[in-house]
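Both of the next two complexes hold chain A, though its partner changes from chain B to chain C.
Let's turn to the complex of A and B:
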């Protein structure tokens, strides 16, 4: 290559590296709204003597616009609606994850847990102007039970109309508490005049499918801009005065661009259901004094299930040695960096209701693990470097992971760390990637109990009520809720404890069951959490105040639109 | 020549048929349960546990439980009648979704094709004609660099520097929303500036290197020496003999680029949140939206086959050796 060409290439590389460094440098160019070339985020307004309303709150999400139907959970609106936007949830979880009435004025559960009496407002209106009536309430529960096949209503035997503002649901089983706890995201009132003739609710795309009785009415969908606009409906302000006059929901292609938009003031707050911002992206907003990272304890977790039906896992001593062989510091950092916490033996993270802090925490002690295996008779008798079973038979130890497209890399890394730890104590472990990359292989492996350790994860939605223990149940246990990734551990004590949780008729009963399950996990070691994590839902703090950061949920939830005000 | 065109057309049609069949098989062997994306993850698990019959009903409605052969027959019938079904992602007709997205992709790809083609041809000709000159020495490394570094790498770099750090451009999307008329047009141009600039740079770089190579090779041919020996000026030699001959492979390349008009900017669209065909294809594959992924694949493939066919026809028309049947191109 001629010299001038070399020089030019060198200069180009230098420019490229400078640009790269500029791109990677901490801090942002713009920590105030409205100073960038991009459109500034929401504005505020106030009449004298009253709280300054937020004129337009701009919420960013990485979900893309799909349908506008209130009966769709997909797309940006489907997820955003979990916060009671165009529809009105009957209940919402408060800061402590206790269920509070939202659309309802009040509710009460009978002593036997079979009746749920609800009172509701008579002033609410559908977004097409039709009043919400008791007929709509009755229709809602019938439709959910008969057409939508809602599990929470499968034992609903009668609906009593007590008056124009009250009905009672009568269950044949003590399901009332279960119904309330499960109603968090997906139970809301349906307009009878729209849905009574619709049987294929999932496919219905009529314009009136967007009509609900939520506090905000969908007024515009800008397909080109990927935005949806909502305006407040004062008649449907169920928690007091709505302090946000309008909302714009704007979609971004990735969490990276979401964070950049937040930093540049294009949006006010991020809402990504069950998808907190990765800790690896926090550098983007690290030095921005106008952005709060929205850090909170995460109720979900990655977890490992032991294959309990065969092989060495049937021996408690082996399981104990296995967990003590693992590099817990590394495991806790894999998914959450320095924010990760070594988990306790009770599996549930501290952010979960009923968390038991008294249970022992995981730790690595290879010497102790080796000693446990030696004492239990797992010795390397043929000198190949791997231990045999106490009866001298050789065995291999399969570690596998759940099929999860978005978490493949993380689960893969977790698998490698598990294998490494197990090999350190002479267990012939290997990571089988088949299930990780194929849903079919995943189902086959779990159905046939063809694994020794299986890595999965609990989302916040499941953690809220069903808890991570849902994933540890044997799928063949009737009514257990065991799924395709269910455990092979068919243990009476575990099944009973979980059934107690499902059958709880009040908070005390529920929390006791949660406590019992954690103690059982700590004692039996049928599985373990890989790490406990923090999650991040960043938001701007320079224009609005009154945000409440709920653990695992962030600052966008049902209460947000009644509490935030302009500064 | 007509016989040749007919032969090429038949091959193109057979290729398209094979592509349609392959697309059918390909999406059905992708991992993941499409039902999960149809009803949403939470709802899917709830139904799986509580009401498998309801899931079955939904699967039935979308034909997911039919035999592969039945699905294939139905699929071919639908393809012929341009009925590509309903997109899983938004319950809208797939064709409507794709046509909408195609418009936005063309907004980027047509200017890229024209400007990148012209710039590449002109700059490449100059650099190739004055090989080793200052112009060549400065421009070749720059465009070689752009042609070599992956688009996603430069794309992210541009995004972070010019949109995030400097704040000159929006970080994402095609328009800010709430605008109409001229202000919306200006807003779209502002949003499209970065991705368009990048695409033009990449396209110019590729075309530049090709044209430069062609011109620099032809200028050393013996018939160029003959032309000079006849007393022709530099300009006449360049335009009458060099450019004319260098254009043949360039036209082939342009036709191939024409085939990629609807699919050639996937990475850039994804990075800049440009809701075009590339982004649609990408998200359709990610969400197992079979009907959408199939149509995207078919359109991309058909465009490329059509581009090839066009290239064959044009070359046959331009090159007298092929026109007269003396040379099989």
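Let's turn to the complex of A and C:
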């Protein structure tokens, strides 16, 4: 009896193993060439004759789930919300970076730039079912000005209610244009019934903090799995019909795992705010016909600020020599491989509005740099291999980098290249490690002006309107709205030019100010861009169509959820 | 029989080196030579930048990294840092554990209880987490790495040495020395320490390898000495620039092999003590 039982068991085991193998083979679909994506990725549905809706779009990010509050910009939802997901931005930038109404039906700025009239829909609902009203609109701007201390609304003097679907913001200064341009990512309507009693908005984490009037409602958060699920709210479809029925936001620990997930069909598209996929990872998707690299010109850049409060940097000749000592080809390759471009002296990349192509480009000329330093009196008088100040005093030159979790290695490497170039012309430069021990140590160094060269970066959000020049302003410049921990350059011409940018009441005024700032940067050399770059936000092309790749942003933006359809 | 002779008998017999030790000594010897002769052996200045991502060629035998530095030169100079940190950490660990074990095993009583308690508490600490925490708060540099690793690495050696000291203190030659009123310090240095040398040497060799591994790990995580060219740092940048995904094996494989080989060399040297123990047992 024993033998037949054994044989039967073996047979059953063999059948089970065959079935398992078949099932595994069916579930594996890695290259994507000529085949459909993995069954785990999003699906589509449609009635005959209609555009096929995307049933579930799966978006991958390297940010991790954190708070779900609409007033938090941290974590995966904080960044994803820039695209109007659970909240509805008043405006959004289109392909040409022009501000278009999103939640608003229309807006207009008065001739003097002091009034902003807005009309809004009366059909929108909060995700708890309460209708959005003019009261909410008025409350939003009061809350932003009085509780959130929004710099863009610091001159808001009055809010006029014109009717149930229209209000006008009145500013004491011509700030309306500045407000609109600056409101790209995080100015949205707040539900009065939730936030009116909340004073510490940053600390508030109640469940209702997730309620907005965006086109998608947060329905599930699984922090362990790193996923968030959203469902469409048809009443809040502000740009037409929502073609994506639901969204899943999946978090991955790193960019390489994110890209692998895209290649395997686990996700449909990558969204990583201000963190395009590194050019070093493009090989992973190079031969995959179903993935588009999502290449576009990048408006952000890594930039270097000269510490201008003391030492040799106060001398233009020294700054010019320092700039000419650098290996620009290596710097551009380091940041962006073969896609990197040696930057111009006007700092702003060619992808930015108002870019001035006529300004001279950076170049390396060690002989010329040495000559400039010799002529300016920076000579090695004691024969130790390093130059002294014109008065003979010795000096060291501190190169430091911003504390930045996602791109620390790159900034450090840039620091190494800068130090190497400076040493080549006899400057006793070193890269400061101490400032990298913590964010606090880093900020303290900057606020104390304790650096000679500081490597930082401009994100897309800042580059869009405020530009990289935001980071060159002195923090004490009255009314400039300069960055909180700014730098040591307090130059009247720069301050005036930047104030003109912020006081612009139309595109022409804005573009002129941007042009003036670039010319000033080229002339004064108070800082420089490290390289100009292309950015990559890859996405799958085998299942959905209608993606629009916006420069610097990628294919995930406010319009995406109204334009993509299933193939 | 004199106490000197008794002391010698308490120790171990002189032996020939075993095969493992010979291999270990050879490997370590090669690495020490490479470290000492780095300026002669390295084809380029490891800090000199050039064309990035050159594949292995006659000009650059291991290619270049992301800022155009010659990888072979980096690897050769990396030997210095890795050995320096490994050996210095081992010296600190050995001195600390020897001191504590002598005090603990010789004086017993409250001192022994205190040292044992400190050892137990330190052993209970998560060493890697503590090392990372310390590195983050100390000023960056080689010294910080050495201190951070040493702080928790001494416990194992201290515990073994204490047992041996306790054992030795019960032996007649120590009792006689104590009875004739010999100074405690002299007894410890002249009669106890020589009888601990086998344990000290084998544990020291193992400490070097452990410290080298920890240093490589810390540097790989980006917590090492930033400007230094260590094997862990080479690996760190290879991973950061996605060298593994891009299959740049000439970038990431050599530091892994060097670390493994050097650790193996020191571990084989550590067999010195094991061989002695075996011989004592057989005798």
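Convention: the second predicted complex is superposed on the first by the 508 of 567 C-alpha atoms of A that agree within 3 Å, B and C clash if a C-alpha of one lies under 4 Å from a C-alpha of the other, contacts with A are read in each partner's own complex, and residues count from 1 in each chain.
Following the convention adopted for this analysis, a contact is a pair of C-beta atoms (placed from the backbone, for glycine too) under 8 Å apart; a residue touches a chain by one contact, two chains touch by 3 or more.
These numbers were taken from a predicted model, which means no experiment stands behind them.
Taking chain B and chain C in turn and counting the residues of chain A each one touches, the greater count comes from B. Looking at the shared chain after the overlay, A:333 reaches chain C, while chain B stays out of its contact range.
When both complexes are overlaid on chain A, the residue A:283 reaches chain C alone and has no touch with chain B.
When the two structures are aligned on the shared chain, A:540 is found in touch with neither chain B nor chain C.
When the shared chain is aligned, chain C comes close enough to touch A:416, but chain B does not.
By the touch criterion defined above, A:227 reaches chain B but does not reach chain C. In the superposed pair of complexes, A:257 makes contact with chain B only, with no contact to chain C.
Residue contacts after overlaying the shared chain place A:557 against neither chain B nor chain C.
Within the superposed three-chain model, A:437 lies in touch with chain B and with chain C [touch as defined at top]. Looking at the shared chain after the overlay, A:319 reaches neither chain B nor chain C.
Comparing the two interfaces of chain A, the one with chain B and the one with chain C have residues 284, 437-438 in common. Within the complex formed with chain C, the chain A residues making contact are 256, 278, 280-281, 283-284, 327, 330, 333-334, 408-409, 412-413, 416-417, 420, 431, 433-434, 436-438. Chain A meets chain B in the complex at residues 2, 4-5, 8-9, 12-13, 16, 19-20, 22-24, 28-30, 35-39, 64-67, 69, 72-75, 78, 148-151, 154, 185-186, 200, 202-203, 205, 222-227, 229, 248, 250-254, 257, 260-261, 263-264, 266, 284, 403, 405, 437-440, 461, 481, 483-484.
On the chain B side of its complex with chain A, the touching residues are 31-33, 37-40, 42-43, 45-51, 53-54, 58, 61, 86, 89-92, 100, 132, 137-138, 140-142, 144-145, 149, 156-157, 159-161, 163-178, 188, 270-273, 275, 279, 283, 286. Taken together, the chain C residues at the contact with chain A in this complex read 47-49, 52, 66-68, 136-137, 139-141, 222, 226-227, 236-237, 240-242, 245-246.
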